[in-house]
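In what follows, chain A forms one complex with chain B and a second complex with chain C.
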Partner chain A sequence: MTHLLIENLHASYGDKVILNNINLAVAQGEMIALLGPSGCGKTTLLNALCGFMPIQSGCISIGDRKISTLAAEKRNITMVFQSYALWPHMTVSQNIGYGLKVQKVERAEIETRVNELLSIVNLEGLQDEKVTALSGGQRQRVALARALAIRPDVLVLDEPLSNLDAKVRLNVRHEIKALQKKLGFTSLIVTHDQEEALVMADRIAVLNQGQIEQLGTPEEIYHQPKTAFVADFMGANNKLTFSSLASLQQQISLSSLTQSKMQPSFSNKSTPYQVFFRSEDVGLTTLSQDHPKLHNETDAIRILGDVQQSAFLGGSYQISVRCGKHTIQADHHENLLEGTPVTLCVPAGALHIF
Partner chain B sequence: MRSSTSYNLWLIAPAALMVGLFFLYPLFFSLYSAITTDEGGLTLAHLEKAFELYSNDILFTIIIVLASVVLLAILSISIAALITLSPFRSIVSLLGFIYRIPLFIPFIVTAQMMRTFLAKNGLMNNAFIASGMLTPLETVSFLGWSGIIIVFVWKQLAFCTLLITGAMAALDESQIRAARNLGASRLRILFQIMLPQITPTIGVAMILSTVTIMSVLSVPLMIGTGTPTMIATDMAFRINSYGDYHVANALGLVSYLICAGLAWFYLRQSLKDKGAI
Partner chain C sequence: MGVKYWHQVFNPYSDVSSALISSVFIAVLTVIVCLLVSVPAGYALSKRSMPFRAFWMLLFLIPQAFPNLTVYINIARIFYDFGLNGTLLGVVLVHSVHGLMFSVWISVAAFSSTDPMLERASRNLGAGPIYTFFHIVLPQAMPGIIASCIFVFLESLDEFTGTFFVGAPDITTLPLLLYTASMEGNYQIASITALILLVPSIGFMIIINKFMKPEMLSKLGK
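The block that comes next holds the complex of A and B.
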């Protein structure tokens, strides 16, 4: 059942259109990730939702309540900010209980609720600390508890993990996800980190230039990108461009094309053909080696090239291979010397053709 | 290490010498002169004389300073809050421009301007009479203590508002947004979120204004009615009419103690807020 509904939303800064016809329905208890590069409008969408910036047209409603014209303080949507936005002159419990104090809740009830939230976010015993004495991860948990204290209709999180170091970020993102499942709050999270979106969200909306480019489950977005932008943004880091269908078919057989993830409009295209695939899907063999993928996937792209560069990723090496005018990235289990001749093959199922 | 230290001392020596010669020496000399005789012996006679002759003026000065500072605090915080929190951006940008104008007008010009504005037959009363709000018999002159306060507030308002608006603007915008989406009104945000964080700046603005108010001669001379008047006028009178530097310096010491008293109150308050005392 739809809880939050955004319909035909338009917003701009002066003449510059930032949000262009956004439509989004969020179910009760669902977590949606707004994913996109810097400047795509994802934070603006949160600001418009919270009432921090005016919208040009469109409608935002929560259940039966239309909130588009309400002031920010009347929407019952709370935000967790990238910078935490905690008030340094207040203690942890004063920060968390502030929203309840504004709502004129009884002091005893505020105390009970604050203690409950402190326990939920694992900050018991820190209620009297100044927030300036806390670590980044602890501060973000205080910010989360503060936002949850008033039981908002929708919780929005604006890149909540960006200021945290890598290890803490992994912990906090799992904590937020677990908390969301446990408490069942409806939330939108803004991120530019695709892994964060894949791990945390029930559905992902990929934004580009103020529009939702694709909305779907993490698996759909990852495996079936509908546009070149989504494929590129979701990590299909290899792109081959062909000026005509004939040149494409010289490289990829017709039978492969039918098995690849082509778009329906493919055969009527007039623009250049773009073929995307991930480095992890590329099989790489040196001339002296034999690779099973090369034999099993008879309908794969097969390209010859020379190693240009090799970078150690920890679990594997990322090899940059020069193939004519293209450079292709391939994951490989061992380091290869520059100039080594190699054969690359890609299974048809891994190709995204636009 | 030793040579590096002496090199650093030489680097700061010219600046230290300038401060010593042109600031510290005159200051300490005037304080010394306030409590010594011509022969160099310690005495409280100059201070006693200062209080005997000018205690009313000292009290008047303290009242003028406190009233001006309180009004300044209320008005500058209100304007700064309007500029920072108001949703009506175009009116706010106009206000943001207008409030700065007094910064560029000297005290003496302000005093002259206000003299023609606040007098019984001045511009303000004439405007009231022309609009039918007052008859000529009902008009009141604002020259005197109220005029002095009005001039000081008018002149210092821009400076204080500039400092306070800067401090408010320097606060993280998301702190204000966080309070708003928890349901807080703008007034509540001002008092509970913003003001507690910018108290030091407000204190600095008020102390600097106090020092300025204490030292301005033109305003009490041009707007005041003569008696009582402010300490600065009395000091000028003792020097120009009697060449009495001792009593003038004793009054200077009183001025200094009033400023120091306010500074002590402010420092004590800010340390208390930080939990140090």
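The block that comes next holds the complex of A and C.
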């Protein structure tokens, strides 16, 4: 069931187009991550949704209520701001209860609701604290409780975790997700962190230059990127460029590729061929290329190279391997000395070719 | 000798007492007039999108750009046409011309240093612009506005030239009394009056020191 519907949305600052024909349907209770690099328009999209910036054309509706022309205060879409935007002159409970006070809800009822929210976000006992006395993680929860207090139709979160310490961030990420599952609110979360999007969202919309490049489940986005941009952004850190199909075939055995990897215009394309794959999918071995152990039909790439650099990542080493004119990153369980000759194998399934 | 002149000054029927009362009364009224203009003006001018923003800001500075005497003589001439000379209202208005420079510029700085996201958060939760202004924006700008009130109050208390041309001889404030007392050779009375004028200045300066945030000063004129 579609709850929030964005149709043909265009927005710009002066001559600069920020959002170019955005179409998005969000189901009731769904969490969608808007993922993209800085300046891709993801925060602008949230601002357009909340009524903080005018749109050029298009329509936003919740159910059968058109909201794109309404003032910000009439939309019933609440936001968890990146800076939290808590009011420093109010206590925690005044902050959380503000939206209800605006609606002229009775004092006793506000108190009940505020206490309920405080226990939901685990802030019991802090209701009379000034928000300036709280830690980053606590402020974040106050912001979340405040946004949930008026039971919004849609909750939007603008980079909610970017101001937290790495350790707190991992916890809060799961807390928000669990809360969303429990309370079933419809939400949009803006992030530039692909891992955050993968963990939290039911579906991910990857944005680039004001357009949605791909919309899909985390698995789809991760394993079947539709464009070079999505592959690159989702962490396919190896990119090989070939000027022609012939040079591509020299390096990669196309016969091992399944038909689904081939784009329709694959064989007669004018732009260079780009092959993406992740360092975690590269098999690295010090055995020679024609060693019988390496005889694996599913390998699309088998290439010789020299170790150029090795970086310790904690769980593994990331090895930079120089193979002719290409440099390939591969994950490996042990450290290798510079100059060690190695063989790299990449299975056909791991390749994304554009 | 000794406290004789102090007794004379603080006698309820002395000129000094009545001048002190009218001085404070005028100062309070001036603060109110300035607030009525500077709070809305300060908020509007803190918005970058305000049309002719630089022009409006300069407008409040212009009275200070010309020699005081010429400005006040001309104001007195204009007020004469409206029958404002020698009235309390006339003196309050002439003090406001001077006070508005402080109050508007400081208010603009105070409103500019508030976080626009706080305002957005309020709108986002269903509050209209007016509710948001009084519950969110104004409390944030309050320290700056209080500081501007103190400046206006002190400036009004010390104002001489404008009061002299518009108010004298019907309105007597402390600075006017100080002037006439010293002209008549009553140096003791003049000294005590000067001391009285010093008290609020020092007191309020200490308060301003508490209220003025450095980041607010950095927003002055922006």
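Everything that follows uses one rule, which is that the second predicted complex is superposed on the first by the 339 of 354 C-alpha atoms of A that agree within 3 Å, B and C clash if a C-alpha of one lies under 4 Å from a C-alpha of the other, contacts with A are read in each partner's own complex, and residues count from 1 in each chain.
Here, a contact is a pair of C-beta atoms (placed from the backbone, for glycine too) under 8 Å apart; a residue touches a chain by one contact, two chains touch by 3 or more.
This structure is a prediction, so every number in the text was calculated from the model and none was measured.
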**Message:** Under the superposition described at the top, does placing chain B and chain C together on chain A give a clash or a fit?
**Reply:** clash
**Prompt:** Can A:Gly99 be said to touch chain B (first), chain C (second), both, or neither?
**Reply:** both
**Asked** Does chain B (first) or chain C (second) touch A:Ser83, or do both, or does neither?
**Response** both
**Message:** With both complexes overlaid on chain A, does A:Leu248 touch chain B (first), chain C (second), both or neither?
**Reply:** neither
**Request:** Please work out whether A:Met31 is in contact with chain B alone, chain C alone, both, or neither, and reply first, second, both or neither.
**Result:** neither
**Asked** Once the complexes are superposed, what residues of chain A are shared between the chain B interface and the chain C interface?
**Response** 50-52, 71-74, 76-79, 81, 83, 85-89, 98-99, 102-103, 146-147, 149-150
**Item:** Residues of chain A touching chain B in the complex
**Value:** 50-52, 71-79, 81-83, 85-89, 98-99, 102-103, 143, 146-147, 149-150, 152
**Prompt:** Hey, which residues of chain A end up touching chain C in the complex?
**Reply:** 50-52, 71-74, 76-79, 81, 83, 85-89, 98-99, 102-103, 146-147, 149-150
**Item:** Interface residues, chain C side, partner chain A - complex
**Value:** 115, 117-118, 120-128, 131, 135-136, 139-140
**Item:** Touching residues on chain B, where the partner in the complex is chain A
**Value:** 172, 174-175, 177-185, 188, 192-193, 196-197
